[in-house]
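What follows is chain A paired twice: with chain B in the first complex and chain C in the second.
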Partner chain A sequence: MTTKAILDDLREWTGPDLRIMEVCGTHTAAIMQSGLRSLLPTGITLISGPGCPVCITPAAYVDKAVELAMRPNYRLYAFGDMLKVKGTDKSLSDAKADGGHVRFVYSPLDLLGFAEKEPQFTHVFAAVGFETTAPIYGMLVKKAYEKGLPNLEILTALRTILPALELILESGDPIDAFLAPGHVSAIIGSAGYSDLAQRYQRPFSVAGFSPEHILYAIWQLAHAVRNGRHDVCNLYPGVVHQEGNLKALALLDDVFESGPSAWRGIGILPGSGLFLRNKYAAFDAGSHGLDADPPPNPACRCTDVILGRIHPTACPLFGTICTPGCAQGPCMVSAEGACGIWHRFRGE
Partner chain B sequence: MCVAVPGKILHIEGDVATVDFQGNRVRVSLGLVDADIGDHVLVHAGCAIEVMRKEQADELNDLLAELEEMLAPERAALADREARS
Partner chain C sequence: MKKTVMAHGSGGTQTAALIAEVFAKHLSNPFLDKMEDAAVLPLQGPCVFSTDSFVVDPVIFPGGDIGKLAVCGTVNDLLCMGATPRWLSAGFILEEGLPFDLLEEIARSMKSAADEAGIVIAAADTKVVEGNGGLFINTSGIGTLGRRAPIRANGGQPGDAVLVSGHLGDHHACILSRRLAIENGIRSDCAILSPLLSVLRRNKINIHAMRDITRGGLATVLNELCLASGVRCRLEEDLIPTSPEVAAFCGILGLDPLYMGNEGKLLLFVPEDQAEMAVNALRRTEAGLHAVKIGNLLAEDPLLPARARVLIQTRLGGQRPVDSLSGEGLPRIC
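Entry: the complex of A and B
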C-alpha cells in the first residue's frame, strides 16, 4: 500500500463521520506542520488530545518550583518548555529575572555532575513529564541513591496517560479512535492500550511522527472503525514493542508508585501520578499535594481543548487576548500545547 | 516534550555512549537499553529509550500489506453494494 493509494482511498471515504484523537502534542505539531488535515475527507476530523505534560501541570507545582528557585542555597533545573508556564503569579523565567537560580538543561542526568561539583547547593530538577521521560528521572534518583548524594532532589509532576484517556472515554465525548502517543508507547508498549480498546470498543494505532506514518495510522483507524474492529495496531514496530521497554518499566516500578494527581483544567485523576517510593523519599523536593489551580479566566476553554471537546479556535480567547506571548491558559503556553501549536500554524 | 531523536552509536564507555546525530556528537546514557556500537537508538533527554531495529522497521511494510489484504473483502463488498444500487 503506497501513500498515494492511501490518500486516494481516504479521498473516497464513504464510511461514517469519524473523530480521531491524536493524543500526543508532538503528533499535533507534526500534523500541523505537514498540512495533513487538508488532505483528509470532510468526514474525518482530527482532535488534539491531552498529551502535553507542561499544559496539565497545576499552578501549585510551578509555585513550589519558583519558591525553591528563590532559596539562596538551591539550584533549580528544568526543560526549556517549563520556563514560561505561570503559576499563581510567576513563572520560572520570572523567578530567574528576580534573581532565582533557574537553569535550562538538556538532560536531567547532568545534575549528577552538578551535585558532586557544587556540594554547597541542593540541586533540584523540575521533573515534569509522561512515561517517556519518567524512567530518566528514575535513573537519576537511583544513581543519586547509589552514589549517596545528599544534595540532589526532584520535584515531580509525573503523569501517566491511560487514566486521562479513560476519563475522555468515560466522559462520553464522541472520540471514535485514538492515535496513540508514539514515544510514551516505546515505554509502556502497544499492549498498554489493549484494556481500554477492549472495554470501550475503540481502536488504537501506535504510529511514528512522519506525515506518512500518521496518514497510515489514520487510514488504518478509519477502516478499523468501519469494520467494527477495536484492536491495537502497532505501525511503529521499529521502535515500539508490544510489551514496551522492560528495563524502563522495571526501573519505574522500583523508583515510583502511582497515586492520585491533579491535571490542570481537569482535576484529580486517581492513579494518574507517579511519586517517589518511600525508599527514595529523601530525594523528593516536596511533590505531594501540589494540586491547586487559581480560577482561570472564566472564558478560557483549555479544559474543553485538553479533553478534545473543541478545537482551540472555538475558544473566544484564542488569538485575541490569548496568544503565546500573553497566554491566558496552559494550552497556549507550551510549544506542544494544542492552542500554542494551532496559533503557530494558524489553525486549519 | 516527548520528542525523541534517532542517532547512531559510535563509541561506548560504561553505560554512556557517544551518539552521532547527523554530524553532531552527543553523550547519551544507555541505562535503559541493551545496545552495541553501530546500533541506532532513539534518544530522549540525554537517554536512549529504545534501540531501533531495521528489520522491525521493515515490518511496517509487511503490516501495510497485511492491512491491504484485510481490506480486500471490505472493498469487494462496497463495490458490490455500489453495483447493485
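Entry: the complex of A and C
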C-alpha cells in the first residue's frame, strides 16, 4: 500500500474514535517532526506514552549522582540528556558548575579506557535507560569484571517497559491501541507484548521511525481495532524479531536481576527495575533505594503526561512557567520527554 | 616543547619575546609593526563595526582552527551587512601551558584567512591566565560601505525567495564528532564568504536581507530575520540541504540539522524573479556549490500564533512550525 493510499483511507475514517499511544519518545519526536498529527482525521488521537527514561528517573537518583560527582576522587559520566534533570535541589549541570567532575560521553564503554588511564579515580556511569541501553551497561560491567577493574561503577536507574504499560492498561485510561517502541522491541522481541495484548484485548504494532512507517502502523492499528483484532503486528521485521535479541537478553540476564523500582511521578512498580546481580555487586555505585521523589511544582502534571492521560498542552504550566530553558518537570527537561518535544514542535 | 607561562603575560621581557616569536613573526603588517598603543585608521564614510569572541574546543579541527574561525566569524558579520571588511583587532587570552607551536600554527592560519578576506589585523593584545593550555580569541572588525546602503535584517518582503548557500550543520557536526571522539570524514565549513557576495553583486542580485548561519542554526537565524522583516516563511523539508554524512550523523545522535551551526553558510532573502539567477551564481563558487532555494516568504498573518512564523511542509505532506533554538545547544562550537 502506498503512503498516499493510506492517507486517503485514513482521511475517510468514520470511526470508531481512537486513542493510540506511541510509547517511545523517539516515535513522538518523529511524529512531531513529520507533522503527522496534522494529517490524521479528528477521530484518531495520538497520545505520548512513558517511554522517556530520563523523565521517569526519581529525584533521589539524581541527588545520588550529584553527590558522587562532588566527591573529589570520583568522575561521573552520563548521556547528555541526564545533565539537565534536577534532583531535589541540583542537576548534574549544577554539580559541574560547583566544581564536580561531570562529563557527557557518547559510549559508556569509553569508561573502560578512562578507568585504566586514571586509576586514582573511581569512574561512574549514570546508567539510565530502558531495555534498549541496558545491554550496553551490561557489557560495560562484564568487561570491567573480566579486566578486574576495581575503579569502575555504574549507578543504575534501569527500567523495563512492560510493567508501565500494564499500569496504564490497568488504570482504565482509555488507550485503544499501542504503537510499540521500535528500539526496546529489538531487544525484548515483538512477542513481549503478546501477553498484554491478549489479557487487555488491545492491538500492538511494532514500527520503525520513518514517518511512513509510523503512518502505516497507525493505519494498521486503526483497522485492527475496527475489526476487533488484538494481536501484535511486527512492521519492523528487519530489526525486530519475535523472540528479540537473544544475545542481549542473555547478557541482561547474566548481569541484572529485576526488582521493584520507582518511576518519577508514578511510584514504585514491582519488577520494573533492573539491578546488578550479586556477582557484580562491587560495580554498583549505590543504586538501591533511590526512590524518594519530592513533588516538583505542585501544578506540574508530568505524571498525567507520562501516563497518557493528558496532552502536554493541557498542563497549566506548559509553555508559560515551564519551558525547556526553565523546566518544572522532567517531561520538559529531556529531549525525549513529551513536553519537551511538544514545546519544540508546538503550534500545530 | 616551549609553552606559555604566566610570565608571558607580565608585560615585561617574556611578553616581548612572545610577541616577537609568534605574533610579530606571523601577523606582521605596517599597522602592527609600529608597536604603538593604537592603530591610526584612514576611515572615510559610513562604516560597520562588529565584535565576536571565539572559545571553540578543540582549537584545531578538520577544516579549520580557532584562528581561522576568529577571522571568518567577524569578517562574515561585516560582509552580511553589505560592507567591505577593512580592519580587524585580535585579543588573545592564553592559558598557561599552551604550546608555542600550536600558537604559531593558529597565528599563521589567522594571517592567511585575513589575507584571503582582504582585512588587515591592525591591533592585537595578549593576556595569559592560569589554566591548562587553552586559548580564546576576540576579534573586532570594521568594514566600509562606500556608497552602498547597509543590508539590514528587516528587508525581507512577502514573496521573496529564501536561499541557503549549502549544506547545513557541517561545523557543528564536525566539532561534536571531535568532542565525542567519533571518527568520520565530516569537516567544518568554516570559510570567508566574500566569493559568494562577489558573485551575487556581479549578477546584480538585489539582496533584501541576509545573515550567516551560525549558532542556533538555520531555524534560529530564519526566525530572527522573519521577525525583523515582519513576514512569515514556508519551507519545503525536501529541499533543505544536508550532506549525507551529516544527515546520517544527526540521525544516529538524534540531532536536527535545522538547529546546528555552520561557519561558512549564508541565508538570503532575494526577489523571487532573481532566485534562479542567484542560486546559479552561488553554485559557481566553491563554498556555494550546494546553494538552493528552500522556500518563500509570506505576508504576516495576525491570526496565526507568533511561533508559527516559520512553517515547514514535511515530506509526508504534513506541516509543522519551526521555532528558534530553545535551551542550550552544544557549547563552545565557535
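Here is the rule we go by: the second predicted complex is superposed on the first by the 347 of 348 C-alpha atoms of A that agree within 3 Å, B and C clash if a C-alpha of one lies under 4 Å from a C-alpha of the other, contacts with A are read in each partner's own complex, and residues count from 1 in each chain.
Methods note: a residue touches a chain if its C-beta (ideal position, glycine included) is under 8 Å from a C-beta of that chain, and two chains touch if they have at least 3 such contacts.
The structure presented is a predicted model; accordingly, all values stated were derived computationally and were not measured.
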Pick one for A:Leu36: touches chain B only (first), chain C only (second), both, or neither.
second
With both complexes overlaid on chain A, does A:Asn245 touch chain B (first), chain C (second), both or neither?
first
Using the superposition on chain A described above, determine whether A:His343 touches chain B (first), chain C (second), both, or neither.
second
Check the residue A:Phe79 against both partner chains and state whether it touches chain B (first), chain C (second), both, or neither.
first
Quick check on the superposed pair: does A:Thr26 touch chain B, chain C, both, or neither? Answer first, second, both or neither.
both
Which partner chains sit in contact with A:Leu215 here, chain B, chain C, both or neither? Use first/second/both/neither.
second
Quick check for you: in the superposed arrangement, does A:Ile187 touch first (chain B), second (chain C), both or neither?
first
According to the stated criteria, A:Cys322 is in contact with first (chain B), second (chain C), both, or neither; which is it?
neither
Shared contact residues on chain A for chain B and chain C?
26, 106, 110
Note which residues of chain A are touching chain B in the complex, please.
1, 14, 24-26, 51-54, 79, 81, 106-110, 128-130, 132-133, 135-136, 139, 181-184, 186-187, 216, 220, 223, 226-227, 233-240, 245, 247-248, 251, 334, 336
Chain C touches which residues of chain A in the complex?
3, 7, 26, 29, 32-39, 84, 105-106, 110, 211-212, 215, 323-325, 335, 343-348
Within the complex, which stretch of chain C touches chain A?
180-182, 253-254, 256, 305, 307-308, 312, 314-321, 323, 326-327
Partner chain A, residues of chain B touching it in the complex:
1-4, 29, 31-34, 42, 44-47, 49-50, 52-54, 56-60, 63-65, 67-68, 71, 74, 78
